[in-house]
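Note that chain A is present in both complexes that follow, paired respectively with chain B and with chain C.
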Partner chain A sequence: MQFKVKEEGANVHVSLEGQLNFAANEDFRGLLTQLAGWKNKKIIFEMSGLSHIDSVGLGLLYIAGEDMAEAGSSIMLTHPRDNVFRMLELTEAHKTFEIKR
Partner chain B sequence: MGDGAMTDVAVRPRVVGAEGRLIKLPSRSDGWRTDPISQQASFLAPVVVGRPNKETLRVLLVEDEPGDAKLVEFALRMSKAPRFEVVHVTTLAAAIEHVKSDVDIDVVLLDLSLPDSSGISTVSRMQEVASKTPIVIMTGMDDQRFASYALEAGAQDYLIKSDDPEKTVGRAIRYAITRMASQIERQALIERIAEQQRHLIEEVAAARAMQFDLLPRSERVDDRLAELGLEVESFFEPSSGIGGDLWGCLDCGGDRMSFYCFDFTGHGIGAALNVFRLHALISDHWDPRQGPADMLRILGGALRGLLGRGQFATMFLCTVDCRRGELEWASAGAPAPLLVSGREFRFLDARGVPLGLGRTPDYTEHREPFPPGTSLLMYSDAITDAQQSDEETFGEGGLVDLVQGILAEDGKMSVDRLLDGLYGRVRMPLEDDLTAVCIRRLGGAP
Partner chain C sequence: MTAVASLDPATVTMVVEGSVSSDMAEQCAALGLRVATAPDDRAEEGSGTCLLVGEAAADAVRRGLTPPFSGFIGLGDEGLLGVGFRCFETVRAGGFSLSLLTRQTYELNTLDLLSEAIRRNMGLSDGKAADLIDICLGEAIGNAVIHGNLGIPAHLRTTSKGFERFRHVLRERLADPVLSHRRVEISVISRGPDFLTVAVSDQGHGFDLAGQLNRSVQSDAKSGRGLGLIRKICASVLGEDDGRTMVMTFAR
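The block that comes next holds the complex of A and B.
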């Protein structure tokens, strides 16, 4: 998985690419360290570049959700591909994250 | 404990500043398996003795040519640091006898053309009696190629007799001793690692057997399944010895039987420990009067707080009611099971927050007709997450194609056929734990 982070006003855009799974663990934790610098922001995860997410990847999103909530920020997941959206739908991720298709 | 004692405890005043608490004593070892490792370190002691930094090194010179022997002995006597003590013999038999007499030797200087032995076998016969003593081959100029064979056969260095022994013999001996020491150390390390690996494999095998023991056993469930007219075909394979999946069945009595399938994030030992947790929670909390949705809510609540960050389980729980011909289910984000009837099939609604993720999870109960002839396929995401290529996973699409093919051919859902098809279509080995369970209601027209 690769990611790019860009701050735009009250929002922080994070574009994710590749697969969000066990192999992405270390990269994702690097991303969280980077995001830890911001407080009270809307963190927008751009997911159109994400080809796959598995249960470990979903767990990473929840870890991010907890961390961001502690910093007064919230997470929005945008433009997931069909198979990624299917995983979010199946696990009712909309109860935790704002999701925009 | 009697009532009097209870009262005594109840009226005892609380001591200010000394409230009850949990005291955790720190570990007294440096970590897992460190003690056995340090015990094994004693194995290395003889290696240290063989180091070339001793003041005096004992040399066994095996040479039948008096001139060559004299030259070498002279060269060794010239050396002061280290000093060499030389024992000279002229045959291999005498050398072997000397070694067997328990006299410590630091190095053997060995001529390969002796009256009672010649060639490579001289080295191997010497090694048989002194496997940890370094050997330096002495060879004529013409024998260089032969000398390198001798190195391959186990000698540590060689000397060319025509070279000035004063310059070369001391170096060759020290080099041979150092080389032997590192060979022995390396061998000891390999043995130690192999021993630890054996130990780890034994531990995982024991844990794996325990995990397989959690699965339903034919001798316990067959009578009930026969009574209910249910056939259950299952496959369970952790990807690394033990894993984060499990399936099971729970007898509700009467005409009902419940089945579940769950899968924790990740795989391996950590996920397997969570499996034991959830299995114990199911045993504790299982109540056939509760519907699947309530059971999931109870289990989710019990599991939350026990799991590490980012850990959760997806779970599908259903009850087959054979009298009413109904299937009742709820799901906590499990891969959507397939309901199969004849050659038709569709995914069940399996939406739900995974166990351990939601603070106050709420699950929806669903009901479907489940008459004889229908079947239900539950499976773990190892199937849908299996990689077809770098970019593409098998997905629900792959599963649909595969099941369509199986039903078109056989008219019957089969886990065995499903696995055959899957293994032929995705990259092996699978990276996740795989569970697949098919519950078939027998008796009806397909």
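The block that comes next holds the complex of A and C.
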């Protein structure tokens, strides 16, 4: 997985690319480290570049969500591809995250 | 090696990239497999199937998963040692198989390579059915690597502190010569015109798959969802070999 982070006012845009899966651990840690610097932001994960997400990757998003909430920030997931959206639906991710198609 | 004009259809030829060591020749002979060093050496069409054997780079795996090959076997330090019979049985029966070491499975985009092959070799078009197979296959491969072969429990990864510990253990175990040389094997075969079976095997300690499949999962759980998803999606799911093999059948 690769990612790019860009701050725009009250929002932080995170573009994800590749696979957010069981093998994305080191990259995701890099992302968590970068995000740790922000407080009271809306973190928008741009998912259109993500080809696959598995339950491990989803678990990483939940961990990020908890860390961000402690810093007064919230997470939104945007533009998932159909297959990634199916995974979000199947796991009822909308109960935890705001999701925008 | 000379081409053989006609072979028993059940013959599997191992097309080895590079040179064939005497060890490998012996391993193949013991398994009743033919050995060749180039695809041209394989038998004429309609007489047997071929598996590509070599270093597991993405291009080579993709080639092995594309006809005329019926699969790819990643070589380890000990050649074909540990390759499961299911791989050979599947290709003999008209399916395709992939056998990789744990480290190779982790480092390659294994799911992408398989997903591409399932669509092409099984004539599956893009859409919901193919996406759902990918979701289950991704979960099963992740489980086989992390929990099966590397023996890492899922509960570690539930907080950012736990995630740090998980990463540390993962790095350690991927560097362990025994654990990282265990194989992950995926076999795919059609079950009539309407179904497709995908078996994913690891070589870990096994577990109570049936018991785990019956557990319910919270929507905000950070671990333990994979099997719940598989159960929800598959037409049927069975465990074999004390939970080391999961056999998932999908409607196409």
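The working rule: the second predicted complex is superposed on the first by the 101 of 101 C-alpha atoms of A that agree within 3 Å, B and C clash if a C-alpha of one lies under 4 Å from a C-alpha of the other, contacts with A are read in each partner's own complex, and residues count from 1 in each chain.
The definition used in the following text is that contacts are C-beta pairs under 8 Å (C-beta built on N, C-alpha and C of every residue); 3 or more make two chains touch, one makes a residue touch a chain.
In this text, all values refer to a predicted model and were calculated from it rather than measured experimentally.
When the two complexes are superposed, the chain touching more residues of chain A, out of chain B and chain C, is C. Of the two partner chains placed around the shared chain by superposition, chain C is the only one that A:R29 touches, whereas chain B remains out of contact.
Residue contacts after overlaying the shared chain place A:H52 against chain B and chain C alike.
After overlaying the two complexes on the shared chain, residue contacts for A:E89 are found with chain B alone; chain C is out of touch. Once the two complexes are overlaid on the shared chain, A:R101 sits clear of chain B and of chain C alike.
Of the two partner chains placed around the shared chain by superposition, neither chain B nor chain C is touched by A:K4. In the superposed model, A:K39 lies in contact with neither chain B nor chain C. Residues common to the contacts of chain A with chain B and with chain C across the two structures: 21-22, 51-52, 54-56, 58-60, 62-63, 66, 83, 86, 90-92, 95-96. Listing the residues of chain A that touch chain B in their complex gives 21-22, 51-52, 54-56, 58-60, 62-63, 66, 83, 86, 89-92, 95-96.
Of all residues in chain C, only 106-107, 109, 111-112, 128, 131-132, 134-135, 138-139, 141-142, 145-146, 157-160, 163-164, 166-167, 170, 219-223, 225-226, 229, 232-233 touch chain A in the complex they form.
On the chain A side of its complex with chain C, the touching residues are 18-19, 21-23, 25-26, 29, 32, 51-52, 54-56, 58-60, 62-63, 66-67, 82-83, 86-87, 90-93, 95-96.
If you check the complex, the residues on chain B that touch chain A are 263, 265-266, 309-312, 314, 333-336, 350-354, 357-358, 381, 385, 391-393, 395-396, 431-432.
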